[in-house]
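Shared chain: chain A. Partners: chain B in the first complex, chain C in the second.
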Partner chain A sequence: MRDVMVIGAGLSGLVAAIRLRQAGLSVALVHKGRGGLQLGQGTVDVLGYRPQRVARPLDELDEFLADQHRASDIPHPYAHTGADAIREGVRYLAELVGEDYLVGDAEVNVALPTAVGALRPTAYYPPSMADGVISLDPAKPGALTAGSAVVVVGIREFKDFTPELIAGNLALNDLPGGGRLEARADWVSFPARDGEVDSTGLNIARALDDPARRGALVDQLKALVRPGETIALPAVLGHEDPAAFADLRAQVGSPMFEIPVPPPGVPGMRLNDRLTRIAKEARVEVFLGSNVLGADSAGGVLQAGVVGTTGHDTHLKARAFLLAAGGFESGTLELDSYQKVSETILGLPLAIPAGELIHDTWAGQQPLFSVGVATNDDMVVVDPATNKPVYSNLYAAGGVLAGAQRWDEKSGEGIAVASAVRAADAIISNLAGGQR
Partner chain B sequence: MSDLLDTNETPAKELGPRPGLAPGQTVWELLAAVSPRIKDNPNTYEAQQLNRVSLDQCVKCTICETMCPVAKVTPLFSGPKFVGPQAERFRNGESVDHTLDYCSSCGICTLNCPQDVKIAEINSMARAVMKKDHMPLRDRLITQTELEGRLLTPFAPVANWALKQKPIRVAVEKVVGVHRDAPMPVAQSQSIKGWLKHRKGPAPRRPGQPDRGPVVFFTGCAGTYFEVETSKKTIEVLEHLGFEVLVPKQGCCGLAEQSNGLFDSARKRVVKLCEQLNAAGKELTVISSSGSCAGMIKHEAHEIMGVDDPAVRSVGTRMRETSEFLLDLFDEGELPTDFKSLEMKIPYHAPCQVKSQGMGMPAIRLMELVPGIRVIESEENCCGIAGTYGLKKEKYDVAQAVGRNLFEKVKEHNEGLAVCDTETCRWQIRNSTGVSTVHPVHVIHAAYGLSDVFSPEV
Partner chain C sequence: MTDLSVDVVVIGGGATGAGVARDVAMRGLSVVLVDRADLGQGTTGRYHGLLHSGGRYVISDPESARECAEENAIITRIHTDAVEQTGGLFVVTPEDSEEYSEGFMAGAAKAHMPAEEITIAQALSREPRLHKGTKRAFAVLDGTVDGWAMVWGAVESAKEHGATVLTYHEVDKIHRVGDRVTAVECIDRKAGGRITIDCRFVINAGGPWAGRIAGFAGCHDVDVVPGRGIMIAMNHRLVNSVVNRCIYPADGDILVPVHTVSIIGTTDVKADDPDNLPIPRNEVQQMLDSGAAMIDGFREARAVHAWSGARPLVKDNRVKATDTRHMSRGMSVLDHLERDDLHGLLTITGGKLTTYRLMAKRIVDIMCEQLGEDRPCTTDQEPVPTSRKTHNYKVTHRLEERDHHFQEDQIICECELMSKQMFTELVEENPDATLDDLRRRLRLGMGPCQGGFCSTRAAGLLCTNGIQDSAGATLELREFMKHRWMGLWPILAGAQVRQTALDEWIMRGTLDIDHAPGDENPPERYPVGVPTDSEAVEVAR
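Now for the complex of A and B:
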């Protein structure tokens, strides 16, 4: 019997599993594939919009939650975790992966240029994006300020990054503190592998893991950059070697930053690989490619998760269970053609907003996305009708939680880590108390 | 428009007999007669449907692309998403993407796909179609694992000598297409059958040793003829724990033929084997120290080749990989842990065939029950050999590139021993690192004091 079975290896599942394991518990982490972390931008969004752009997410949290409470009958996950768990969650994640992977401050957002030349708020970011930081805090100027010159550099062999579009839009943005950037576009050529004319970002990143390959890129960048300019490149500057970016930047000798690109995006993958490795080295037992099909329960207590191992189902016994299996995007929540929403793994009752779930307009929030499981402040899953725990030892974290509009709010990662830490700490204290 | 959609308005009988359907003919038979995709298709309809329907679940997230060990090292292969769910839409008999042949069928893509797309399975089936009428002689030969074992065992010293001679290997490469440097099994003078026949029987029962009743041991071809030591040690560990080990007469599971697209003969073999294993007892747990053969029986026969046979289903649900079985005992509090201490770092590679059984990596936890052992996981997706893939002369370089990081890690961290659960992967790791590479049961055998961990040298 394990102490805890965690279902899902996205950001929330990985962080919770590591924290539980570091507290000395035995943990089985079962997942049917990689999570959204790998597809993300390698940044940690805590709260980006409410709906106006947020500069100090934790200071503005109470107001955000009050507005949210007026607009919806479903409590936001942050109403359960509170600001302290957000602070601790983000701090814990950043400390786990280290400064080669994440830098920033949960108290203050910064804005980062995107692959269409917009500015996107976030709290933590990889050090390779630091030279692109635009401050949202008037007291602290960022790396880029009014009048800063940026050269956005495309790689001919890489199709998902168009410097003219990015530079054009970047130059049109009014900066939060007033003024604009100056931006121009340029190109280099870097075939990731011999004769390859259409390379994925990952292949380019893998090529740049090899120090011997970097020179070719460095020479072209040095030739095109003008004095005082900051270079912006697609986020493909090294995959496994965390020093690749710093080395490239030092060799070129100009400020330089990465802009995240569509999947396969490398920054998300770097974080995912790093966390997976930490989990395995801590001896979290990782069951990859294993669907959780259901669970055995008795007397309001979950006893075993049913894992679809090949040949025979495995009934994996544990004392506590954490559902961290994501939302609609990972198939844990499903909408059928009768507009009925269900939770597909354990068949849990869901918190569903009243009224129409999908507006037939692209603008604005879709109520459907706030559907999810309801919890109490310990992240124990409750029936929204009664507020009573569904099972006394079932917790939930991350994208499966009800009440958030993660994409609109830019709150997905913050919710994932805050709820993971909150749930893990509740499990740790409950398992220590008496049952052992 | 509306009455076109409203099918309820048309009573079924007015539809009349279906056009073209001969009396007694099923729709499937009719389709098979007219559709190039279904006609002469080596795949069964069921397996095709099972895997094909999954392609619609693909959200193009590219996670499979990032994990594929072959696409990582060569531009010759266009990658799992393209060759799998994308190309499959356009396959109607003919193959639309010939780089498909570079897929090693390691299954890493399927494992990492968060949307349950059966990418590797789709590829395996498409390859069977693509190679149907021009299967190289080599692919037919190297899949005859049982025959090879039977032929080589009586001549073990000669065979081993011959396989080490460069001129002979060059000739083999030219004529058969097996790369001159590819790993080869070491032929043994005695098969497991010979050992069972000549040994004195299980060690006498020790005082206090429980009687845990019978289990069936499935040796697999490699375990019968080449990795005989693994089979012996599994039998001895199980007997040490108090099991009675039954080893019925048994043939090959057909995995090598399956992975080369020779489905018809592979299907016959796996069914026959399961009938043989069933003959030893229909309720007993079947244990295998061959991770890949266990995977074939547990799921690949069904998922890739559409085998729906009661004997295979029965054995498949009762089959346990050795480490899985021992760890289950441990979790039930029934595994004696009076291990002697073995102070060593052991690099361990979980082969794809074990990863894809959805049971995690039981070997790591099992070996770390032994005091002093610290396992270093390879963290690599594949060793490159993928059954018979890395033997082929046109794939050899790709396979070596796939395994490179793994080989370096094994060389860097080993203290005389590396561990991996499947035979061909062990040959690959041994061949490319020079490090003695063994099944996890080898370590457990030593920890119970039944042998020295370094003996015999393999």
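Now for the complex of A and C:
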């Protein structure tokens, strides 16, 4: 018997598994595929909009939660975790991966340019984005300030990054402290493989892991950059080699930053690989490519997860279970053609907002995407009708939690790590106090 | 002040108007075609894509069945780039009575329409997803048409014969001197301003809007009742030939494979306003139920987009049922000379896409007779320019094209295999086209991701090519996504929710499109129809 079975290897599953293991518990991490981190941009969002842009996410949390409470009958995940768990979760993650992977401050957001030239708020970011930081804190200027000159450089062989669109829009944004950037567009050519005209970001990043290949990019960048300019490039500058970006930047000799692009998200992959390595080094027992088909239970307690392993189903016994398998984007939550929503792994009851789940407009939030499982403050899954635990030893974290509009709020990673830490700590304390 | 002077103005750039303009031009008369929006944006672009074999009408209307069978062969020949010869089946599903099917073969024979009853085993080997409880199956020569490609083909042909085509030109006045039409006046929706076109004759092919247009000439009480129907595109080709339910025509009785998707249609509900056509959820449920009767597992298949269209059905109390101008069921010609003592105006509505060429021939014959011109129709003789060197397309046509350009060109839309070069060439030819206009010709954003990946690339290309500045491209992107999403929300379920969540993560999460410069929820730049204050659902395919 394991102490804990964690379902899902996204940010919340990996962080929880590592934390549980570090507390000395045996952990089985069961996951169907690689987690959602690799689709993301490698930043840690805590709270970006409520709906106006948020400068100090933890200071503004209470007001945000009060507004949420008035707007919906479903509590926001942050109402359960509280600010301390966010603070602790983000700190824990940043220390785990180290400053080669994440830098920033959970208390103060910064704005970073996006691949359509918007300024997007986030709390922590990879060091490769540091030269693109625009401060939201009047006391501390960021790398880019009013009048800063940016040259946005596209790679001809990479189609998800258009410098004219990005530079044009970047120059149209009023900066938080007033003024605007100066931005212009330029292009380089860098086929990931010989003769390739249509390269994925990942292939370009892999090519740049090879120090011998970097020179071709460096020469072109040096030729186009003007004195005083900061170079913005798509976030494809190296995959496995965390020093690739720093080396490129040093060779070019100008400030330089990465802008995240649509998936695959190389900065997210770097973070994913790092956390996966840490989990394996900590001897988390990983069951990759394994569907959880259901669970055995008795007397309101989960006893074993049924895992679809080769040849036969494995009934994997554990003392506590953490569902961290993501939301609609992962297939954990499903809406059928009769408009009925369900949780597909354990068949849990869901918190569903009142009224129409989907409305017919483009702008604004869809209530459907706030559907998820309800929990108490220990992240134990409860039936939203009674607020009683569904199973006394089943916890949930991350995208499966009800009540958030993650992509609108820019809160995805904050919720993931805060709920992971909250759930892990509750499990640790419950198992320690129990019959171990 | 006049800007143009021609023999004939055709109002309405759907299949009917395009066919009329082509026919007029091929007979050697000068012609201008005007549409208030893009070609095929209204009724024609909002149907399911069936090229009728005639099978649908063998029992209810043998004359229509015979016409369809004849026109099917002609359209297949002259519009090769728009027609896929899929073949079709009429099936008696487990939910249907066999009574209707008893008369099917006899009706087909009477209409001189090729048909053959096949065994259930044969039907299942042709279409493995057919419901296992299917009771009977008849094979016919149904095909599928890309309505936009057909309209563009007809228009290219018309242009080759001298026609002028003005899209985004909305007619709001028809001038008359005494009992004679003399000119048409339009607003230029994109460039602004107005133009006046002098003419000898006007053909009103305005579909559901034909009554409003006739009113501009003072011909009132042309009462066109829009018959609204919804259609749903399912991801993948659940079938590779058209599958019809062998029953009296009813809601959701057909599944049509078109390009990469298959389309189920349709309902028929009287609508008040052809500019505001909702997609009610109860009708969506009806379509899904009907699909499940034809196809095993239909409800678990993935619906990617829904839209609503309006059939233009004329209710005209002044025209008696005995009127000889009622050419065939479904097609109505209003002769305003006879009806309103006005020379130089004919209104044509109704009809079927399959018989668009025949309808055009008939109305242009009448026009020529009224003008005293003896000019025979030759539209069945000559393939349209885009069809001269091609065979009928197959679903794999783009795969074949891509194979020839492998490693030379980027793919901008993976779902529909649309390349950068295809996009760039069309944009350079049509610099004022919206992304939605381009979509209708390129299928941009019409696959499973509904624009999640390709739309940003396309907007970027508009910038790189200097067609739009960044703010303009952002507006294009938002408008495009808005239109895609409006056809997605009413049917959102299953795997498409998962896709949509990913698209939202990309658009709103990673790109933060809502906070890029410009209006988060832009109003329609080229609004069509009478402005309304109501919050009615807008629909765009």
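Just so we're on the same page, the second predicted complex is superposed on the first by the 436 of 436 C-alpha atoms of A that agree within 3 Å, B and C clash if a C-alpha of one lies under 4 Å from a C-alpha of the other, contacts with A are read in each partner's own complex, and residues count from 1 in each chain.
Rule of thumb we're sticking to: a contact is a pair of C-beta atoms (placed from the backbone, for glycine too) under 8 Å apart; a residue touches a chain by one contact, two chains touch by 3 or more.
What you are looking at is a predicted structure, and each value in this text was computed from that prediction instead of being measured.
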When the two structures are overlaid on chain A, which partner does A:Ala28 contact: first (chain B), second (chain C), both, or neither?
-> first
Have a look at where A:Phe369 lands relative to chain B and chain C in the superposition and call it first, second, both or neither.
-> second
Counting residues of chain A touched by each of chain B and chain C, the higher count belongs to C
Looking at the overlay, what does A:Pro263 touch: chain B (first), chain C (second), both, or neither?
-> both
First (chain B), second (chain C), both or neither: which does A:Gly331 touch?
-> both
In the superposed arrangement, which partner chain does A:Pro242 touch: chain B (first), chain C (second), both, or neither?
-> neither
State whether A:Lys410 touches chain B only (first), chain C only (second), both chains, or neither.
-> second
Could you say whether A:Gln339 touches chain B, chain C, both of them, or neither, answering first, second, both or neither?
-> second
So, does A:Gln41 touch the first partner chain B, the second partner chain C, both, or neither?
-> second
Which of chain B and chain C A:Gly195 touches, first, second, both or neither = both
Would you please give the residues of chain A that touch chain B in one complex and also touch chain C in the other complex?
-> 39, 195-196, 263, 330-331
Could you please specify the touching residues of chain A with respect to chain C in the complex?
-> 39-41, 49, 53, 114-120, 157, 159-162, 164-169, 172-173, 195-198, 260-263, 265, 327-331, 334-339, 358-364, 366, 368-369, 406-408, 410, 412
In the complex, the residues of chain B that touch chain A are 61-63, 65-67, 72, 75, 110-116, 295, 297-299, 316-319, 331, 355-361, 364-365, 368, 377, 379
Using the touch definition up top, name the residues of chain A that touch chain B in the complex.
-> 1, 28, 30, 32-35, 38-39, 193-196, 200, 202, 206, 263-264, 269, 277, 280, 283, 285-291, 307-312, 314, 317, 330-331
Complex contacts: residues of chain C adjacent to chain A = 281, 285, 288, 299-300, 303, 407-412, 420, 453, 456-457, 459-461, 463-464, 469-471, 473-474, 477-478, 481-482, 485-486, 489-490, 492-494, 497-498, 500-502, 504-506, 508-517, 520-521, 537
